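The following blocks contain the structures, represented as structure tokens.
Each of the next two complexes has chain A plus one more chain, namely chain B in the first and chain C in the second.
Up next is the complex of A and B:
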């Protein structure tokens, strides 16, 4: 399988607003926007827009000085990317409707310091208040606010949610994220491809295999490296195992949040068994460090294959029982149906991906749209539901566990012989770049990696599915009662760390 | 056996005791005795994630699955810092999370203890050189104990709690 094909176009900034509109009309959707400080190359900043669609990925690149034309008004999904570029690079998106700081908080960061510029001198502003973050207010009689987080009641990552309510129904939800902004993209710069693996795995620990696959797609494409068939098979097996344990956990949390502890605990136990299987396969419960540049770090012998086979059969059996439970219980359906509905139109405008898109009727699955590794060998069809509610997202996860089980089952006893990793020379052309993508349990993970002439990373941009999907919750909760928010949140189960980076 | 009856009558927590002297339950029994002795039967923990990769949170959540069921040993993760004896910290401590972390700590009534879980809060992990990371935790708070691991496995966390109790008893 060839690396994903990217159709490259060079554009003038001002013309792009119109073409972005046309693109959307032609069924293409925004995958991400990546900026890079290329002033050492051509004394300009490069901004690259990536659009996905039926014919692969289109890249539109534009060279800019200190500002560029915002496309947020025609393409709302661009809003967050443009705010991010404004924060980290200090480039102004002209015409952007909302330029509040995103990850560099005015509470502790001086807004004139832009850490992703190459001339940033590593000076870190003193820890003091530089400004105020303004939340959107809903005004009117009887309207009150409920503030949640950043530190939450349970064992959850930090994020701030601000509800405006009149009685029980939610009138507005505003999310403030990026509490966990760790500056991973900057830390990766100057590291070689192998060193960065450790950081890439820790973008979002529970999706690390799939995210690493996306990173390696980009890196191996820069290095012109073709890995062995066996390594590809093992990567896919691990990716699908990760998908299964993620989905089992997600469904368990749905039950937990509707107060149905019995099936929830049964699924948590199943998750634990899957983690133990991971440990027995690679020595790590989350499969950290299982993949490497040029292949994988460990082999699957017949006893391990047998263990995987037993486990996935067990998962299928348990999940079937669980599924019957959902469909036959009116109290479960009562909580799940019509809750947290995300319309197809909203999903389209926000360029959603993964389960969230498929539950709202958009057939987006990177394994099918932009196949990588050996996914083109399976005749995969996107699992689709139209209703866009919590029920749809739960039911889709259950459906897709069967799909993953079938993929693993097909591969297990057909593993081709061969080495698990190939040697490579860490040499790159200066400013050569490539994109990589993969379908994580949450959706499309997109990497854009640019090398320097020394085999090191010049610029790395990662777009997590959670980054795209988080804004959609603000629409999903409208009109729902606040008590259903945890359930709606869990039905999307997004990563805070992947979003915040 | 029907789905419900299987859930009710197949007890997963007991099935891992046999033969393994290092098992969760045996560690847990010791832990329960220590918690009873030192904290009058219950140790309440408030978690603050200061910038982890979420693997640590997954492992902490796993502590309440049927295999480990931490609450039977008297240890409970609580919603409010006002209820807590211990603040457990994960992650590398980002600039944005420093203030919430310190505020949460302030709101825990004394005597209070800081336990870190994972390598990041102890050293900053791979993120330590980042512009937006200001950890490790020990720069700001006195840390009673570090539970190592990336992420620490559930059994390591249970052992960690046990070690923490021993420390309190001897000091």
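Up next is the complex of A and C:
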């Protein structure tokens, strides 16, 4: 049973550039590119392009040897995926404009070692300088560079931002991430689906429920497993609770970054209450370990349902106050409006997803485009704003808190009876693969999972929304001053660990 | 006027009282802000503890640093001390009262800023240069207001020293309100205008919201803090203490404009001290209030705010020349 409608196409590498162009013309956008070392099956590497659109997901698979045709020129969003494949598989994308190493740093990694190949022997190359990474330079009188990170002031993850400035205005921003590559995809290979679940949950902790849902969509589809209605309902409730606490935190940080601590602190207090609710429901503040293959790990009794109901009503009340606060304060609006604008065209070319896409006027919401679990039961409409600035992203988060509240409210007292988890046999067709997707608070989380002939994972590829959206910040800051960068960054609120797994 | 040993002793007492109180005022504002947001807040004496800790810490200097980095923290700190030696916070005869020229005060402030920005650039970090350029952006814009404020006070009272200026206003006000003598020196408009103008300059010079955010950890948004990002140990301690002193300088001048009451002899000192502390607490509450209810402005909106301050001081100047 395929839960997501995937149309499979097999294509020759050389012809694909043209089809990619046509695909874009037909309104489809790139969801991701997944490569796999399938030399043990058919002595070739497999590259799969996933394009999304309103009538489902199209998969184009290409068999290649050591190189393949780059589609970056017609589809700029492919740039990062192709660099990633070049690093981890050593397959050369011909015609790629920028083949600098992405995640394996030439400063300490031998670029002829490709960890995702099956013949990689798990050894780490000697720690020494193998090459150099060249940053783009802006030259001219009075132009200087400001380097930020990878170590930041504050407890955040590592990322390097290199600004070229002429006074305050930003002429160019170049980001370099992937400082703590964990190799989760490689580690998952050879593990069974349940073992990998714990690793998947740690890809990006604050979105772990939604990411896990995406993984389970793929896995349960491989296992031909149908979970109970009750488990589906509980998964959706958890997913929306996670969305709410993420958005509450994001809005709070927007206030914090414009130096307005008064409303920020009250939202932080609200976030704390939401996390306490999480803990009382599942035993963990971040909802870790709530889901399992075949269902969920805990049940909702009437007292828990009541607690959720009280909490979401409280959230709605507080967020209404907060919304009035933003709209009625000219000084707050002055900071948010026209800051960090990402044009619709840029958003399209970079295949953005989630809040960042919707704030720029692209109606992309996986809950609506590729419905999973029970999302097709709600008549959801993508919340859209056109301006693409910090204000739009903040306002959308507030809007979507109401949507999530409504979804939870609809489900709470209509929970179907039944088991919360079903037993399953860990047996699959050999080399069967499936895709899963879900809408995390940051955007579409996409999983491609392939089983081996033993019910274990042969290849797992995860594409985090942050991986897609990070490059867009380089365009969002143009025309802004450097003092507004932290605010723009916070309005996108991307994950470093999801980006670099 | 003959000065005797009593003037010296009370001058010294006044000087050390203000210096010792300075971190308290900064801590009090911080505490107020935190309580207003529903946080438990820091210890009100936390900044004394921090200073003590920083004094014990090692100084780390960049390998590109020159002797400027060695001397700048002391020059900055001493500049503020010199100003505090001149201010008649609650005792009319401050130690450097005879040379407390208003222009000297204004440019001692500028001297401190100059050396702080030299320090910022001397260490060769990109943030330092950015912070220095922003600091001057603010200082250049607020300097005219500051000068106009002091000059209009001088013209208005026909005195050059800050001790004399405020004593003149104090006497005039006392005559008008207590004895009913109608004095030319009493005008509500000029002090009122000057107070608002100085308040705006004070907010900008002391890196408070809405101009700068003293609590942020985001280097890219900093004004004042970006200058001292590289400072450590005793140097950082001196810069931090210097910023408390600067705040106290501005608050003290504001308090004098608001309600000048200086002791002229030993018997008035207790009352004058209490009045001084009360005024300072009121001003702290005022600053905290502004910081609580407003977000930080866009960088390039700050000139609008400072031009308001400039216009107010200009009007005050015109009024004082016309002799209200």
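The rule we apply is simple: the second predicted complex is superposed on the first by the 499 of 501 C-alpha atoms of A that agree within 3 Å, B and C clash if a C-alpha of one lies under 4 Å from a C-alpha of the other, contacts with A are read in each partner's own complex, and residues count from 1 in each chain.
Note that in this section contacts are C-beta pairs under 8 Å (C-beta built on N, C-alpha and C of every residue); 3 or more make two chains touch, one makes a residue touch a chain.
Since the structure is predicted, the reported quantities are computational estimates derived from the model, not experimental observations.
Once the two complexes are laid over each other on the shared chain, residue contacts for A:164 go to neither chain B nor chain C. In the superposed model, A:272 lies in contact with chain B only, and not with chain C.
In the superposition on chain A, contact of A:262 is made with both chain B and chain C.
Of the two partner chains placed by superposition, only chain B is touched by A:108; chain C is not. When chain A is checked against chain B and against chain C, the one touching more of its residues turns out to be B. In the superposition on chain A, no contact is made by A:212 with either chain B or chain C. In the superposed model, A:203 makes contact with chain B only, not with chain C. In the superposition on chain A, contact is made by A:496 with chain B only, not with chain C. In the superposed model, A:187 lies in contact with chain B only, and not with chain C.
Of the two partner chains placed by superposition, chain B and chain C are both touched by A:153.
Across the two superposed structures, the residue set of chain A contacted by chain B and also by chain C is 153-154, 262, 265-266, 269. Only residues 103-105, 107-109, 115, 120, 122, 124, 127, 150-151, 153-158, 178-184, 186-187, 198-199, 201-206, 208, 249, 262-263, 265-266, 268-269, 271-272, 275, 285-286, 288, 321-322, 324-325, 495-498, 500 of chain A touch chain B when the two sit together in their complex.
On chain A, the positions that touch chain C within their shared complex are 144-148, 153-154, 165, 167-168, 255, 257-262, 264-266, 269, 329, 331-332, 334-335, 481-486.
Put simply, chain B touches chain A in their complex at residues 3-4, 7-8, 12, 47-62, 64-67, 77, 79-80, 91-92, 94-100, 104, 125-127, 129-134, 150-151, 153. Taken together, the chain C residues at the contact with chain A in this complex read 33, 36-39, 126-127, 129-130, 133, 209-210, 213, 215-221, 292-301.
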